[in-house]
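Look for subunit A in each of the two complexes below; its partner is subunit B in the first and subunit C in the second.
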Partner chain A sequence: MSQDVSRRSFMRGASLGVMAGYFGAAGLASTALYRQVLPPEKLDQTDIGELKGLRIKVVSETSWYDNNVFLNDVKGAGGLLVNQYTIPWSVEGVKAGYKGSNLGGFATYIEAELLDGSIKRILLDTGWNPEWMEKRFIEEGVAEKLAKKQIDYWVMSHEHIDHFFGVEAVTKYNPGQDVYVPKGWYPEGYDLLKGKAFPKANVKNAHPHTGKVTVLDSSKVNKMFPGFALLTFDVPIILRVFGEQAMVFNVKDKGLVLVTGCCHMGIITYMETVRKKIKGGEKVYAVQGGLHISPFEDWDPQYDDLIFAFNKYGVQKIGANHCTGFITVEKMIAAKLPVVKGTARTMSKRDIYLGNGDELAIA
Partner chain B sequence: MPEEQKPAETGSKYWVGLLVGLAVGGGLFWATMKILVVMR
Partner chain C sequence: MTTHTVDAYADRVASPAHGEAPAYHPLDELWLEQRTRENLLSQPLRGLLNVALTFGVFMLIWYVFMDPRGILKWYTPMYGYMYIRWLLIVAIWQAYIFNFWPFRQEWMETAHPLVKGPVLVGINWALTGLLIWGGFFYLVGKFAIPYFSWPELHKLGMSDFFAREYAGLAVLMAAAIASWLAPIWPMAFENYPWHKLTQPAKGLTVLAITSLFTILIFFFFMHGHFGVLFYPWQKFAAAFPWWYGYAKTLSGNFSVGWIMCGTIAVWLVETIWERYPFRLIKTQPLRGIVGFFWVLLVALTMFFSFNLLQDLAWGPAYEGGKRLFAPDWRYLHSGELAVMMLLPALTLYFYFDNWPRKFSPEVNLAVRTTITVGGTFVFNWIYYSVSPPLLGTQPGYSHPQQFPMAPVILWIVIMMYHNWFMDGWPGKRIAKREGA
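Entry: the complex of A and B
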């Protein structure tokens, strides 16, 4: 009888102990001892080299001027999955637009100073409205550099209307300019490049491209020159577009500078990919360009995570604009993130972020 | 209660059982995690 009672006591203690041990170990394994349980993360980082300095000029970040007009164009055509080459975009009668057209565009001009002091010049995207884009290219001296063949190459972030449909504003000045596009473009994109018109979408290219077209894919880090690489993302995008690429620069004594067109892959995916694939990617010095968080000025509580993510990567300068959205930037400022202010000129509406004609210099 | 069944002895068995249980439970979790990591 005595042994029975002792055994019962032992079993009572043991059953409680097994449960406490299991859940206690789970708690420790997910907190203090997680490094002992999970294998260390294997990073496949590429050394992209270093630059001496970088100048990023916003040629145009105002892709369209009236959100409601843009959204009505999309709705009228059947929704966000409709082929962008078949949508009759509003080019007249828009009060807030440029000469009545709702079309603007996105393009960024970049000058990178290499360690030997030489300069590399890159154009990111061509914008949308050729008339507006030509004006901006002339005002920022980009048209002259294109004509003098001083720009090393042009990079297309993705195939979207506001980044690409202004192609003739570039090819007019240098049809032979070499271009890098992300894998996933549709035939219409290459046709437009070669001079085909799409009257329904009010887009044409009167100056067919004659330069080299290089398609980059996501299989590797595409090193372009010391201190600069392109990352391609296989991402489906609204208006029947696929694939986006973004830039990674490494400035000596500063760190990595990420320059994006629209960032449809998501800013966390972008920074995580940089962390895993680029040497030094654990910290990002600066992010510039469209971050695609609230392009239509809407907000969802889950977007708050995107704001908090910047601290994880130690971002010291945020030169956001374009599809980042004003609401997002207001929240960034409220969260004391290092947002670089602009000057709200040349059709950019507010000075809370980098606008048309503003520049982010890193050296 | 019989005379030979002492409360102190019963209590010590309980604590021994608890310690053995903690070790077994912890080990069970640890082994499960290792297997899951290998199978990943």
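Entry: the complex of A and C
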């Protein structure tokens, strides 16, 4: 009997001790011992080389023209998790649109001058509305360069409607242009590239792609030529898209220049990744492109966290546009961040950021 | 062949293990604690069948109402998520606060689960709709605080989509607090000092007091979030989020995270821990006060533990980071992990007879806790492996438009309907009274 009592007492004490110990240790480790528990940060920086200079031309940053029309399309389809290839996007009757269509698109053209003086030409993304994008590609001389096979790199930042659905505006001029896409594309993306139409979403590609498709993943820094690399992020994105890649340039005597499509991974996360993975990553000189903060002129307190933090990175030029959102840019200007102004022409609505046809030159 | 057993709660009150004297006598008499059920199937078939049944019903409801590939597509996500949250709270009100009033005990004992279930679930859905549309959208939102109302935000110039999402967020944030506080009064305080009142006076009183605390806590912990949410910043209407210095985020997700841990702590204490150890205290309100702070302590421990676990898995979050590295998402995800912990706990409690029950209370509790923690990791792995094809969500842990809490809570709600409203039928049914 005494043995029973003793065993029971022991079991009680032991079990209580284990439970108290677990919760106590967990609580203590998560607060007082936090720094000791976490492993130290490891930097694994890659030297990507240097460039002499960089010219970044905004071909189109106006992805859609009427925010309410876009959001009603989304709401009608069932929200921001719905497959983008199944949503009937509004292509007519939109007063603020381009020829009645709400669709615009995003694309950037970049010329990088290497240290030996030679030029490399890069096209980032293909926009959405093929008619609008073709007009812009012609106006900015991109169509001619595609036709003459003078574009060295065609990079797709991600699979989203406004960055990709205008693909035929590119393949029309050079269907054999090689393309780099981030890992995570859905089968529909490759099908569209090859010429399949998605009538429900009002998207087609009448000029099937015949070039090489290179899929890049996040396992390493993808060096393209001296002074230029691509970084891929495994990030889930609205409208059932996965994965985004962004550009890193290193301009001699200036520092790193980050060029993005939408930056769904977040600009601070992008800069932190660059700091850890790219030599000289502590000094980001400029960022350019969509920063995906308030693309629908919506807001979240998390975005103020981002603006508070942005100032600490010492970026000297912010060429933000597109999905950065006007609210964000207004807040950035109020926070004295160095936002580069634009000219508000060719359907870009305001001059508070770089718009269609504007250029950021770094040399 | 049927086997007579009684529910775990009734068992621990009426006939505790080892021949000890009953630990305490409840001040209140809940139907869920009084009912005696008999098993219609033996284990593990009973448990497995019922889990499969609730999962099947969950999948059907998810597909019809929530799935982005489904019929109504309410998981946009805030709009559908808002309903799920309030279904849970209204079920708690029905079972724990109103003790199934206005239905009589006789009807609760004799009505077939296939009658009782649809009636009680119908009331649950109707009350939830009335509360959200009548209470929030067209009363509070119209006459007091517009951010609680989809129509009012739209009238003020916001896009229809975000008007619905923002209002949904506000309504579900209020629900997070209510889901923590509403069950505490009947569980820890056993409705003291109103335990002698009859229904509906008792239910209305407890509902009023928990709602009052919900409102107060909402203003202190959530309202600041909505001051920042709108542009321009509503500095004159809401104080600067005071938690920013510690949390490194202005987002109210900081509070949602630890409050959800509180909600889950309440149910861990109520189910697998059988109100231990504060049930050893024999007098009210001391038992209630100790119970409240015990729940709070467990909640904060869970919250900090899950935060640390994430930092170890992905590295520390940083201010201004997005997705996996956003401080506010990490806090929210701690709440999500806590909700994932509740699923194995309730499965054990509802469907596997709160196994084990043969050892001393402390050993029983320790074994159940170990099973629950292990089950959490297993469920977490399964969830992120299969949710995209099953639920129409996207792969990845952190996504701005999806919240694992929504489907997990919906499954939990289905389990509650099944156990509270349908007696766990067809695995169990109410035992017939002798002589009846």
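Basically, the second predicted complex is superposed on the first by the 323 of 363 C-alpha atoms of A that agree within 3 Å, B and C clash if a C-alpha of one lies under 4 Å from a C-alpha of the other, contacts with A are read in each partner's own complex, and residues count from 1 in each chain.
Note that contacts are C-beta pairs under 8 Å (C-beta built on N, C-alpha and C of every residue); 3 or more make two chains touch, one makes a residue touch a chain.
This structure is a prediction, so every number in the text was calculated from the model and none was measured.
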Going by the contact rule set out at the top, does A:N68 touch subunit B (first), subunit C (second), both, or neither? second
Which of subunit B and subunit C A:G79 touches, first, second, both or neither: second
Of the two partner chains, subunit B (first) and subunit C (second), which one does A:I327 touch, if any: first, second, both, or neither? second
With the two structures laid over each other on chain A, which partner does A:W299 touch: subunit B (first), subunit C (second), both, or neither? second
Subunit B or subunit C, by number of subunit A residues touched: C
For A:G266 in the superposed arrangement: first (subunit B), second (subunit C), both or neither? second
Go through the superposed model and pick first if A:V37 touches only subunit B, second if only subunit C, both, or neither. both
Could you list which residues of subunit A make contact with subunit B in one structure and with subunit C in the other? 11-12, 15-16, 18-19, 23, 26, 29, 37-38
How about subunit C: which of its residues touch subunit A in the complex? 68-69, 73, 75-77, 79, 159-162, 164, 225, 228-231, 233, 241, 248-253, 298, 300-301, 304-305, 307-308, 311-312, 315-316, 318-329, 359-360, 362-363, 365-366, 369, 392-396, 398-402
Residue numbers of subunit A touching subunit B in their complex, please. 1-2, 5-7, 9-26, 29, 37-39
Within the complex, which stretch of subunit A touches subunit C? 8, 11-12, 15-16, 18-19, 23, 26-27, 29-31, 34, 37-38, 41, 67-68, 71-72, 74-75, 77-83, 234-238, 240, 242, 264-266, 268-269, 272, 296-302, 304-310, 327
Enumerate the contact residues on subunit B facing subunit A in the complex. 2, 4-5, 9-11, 13-30, 33-34, 37
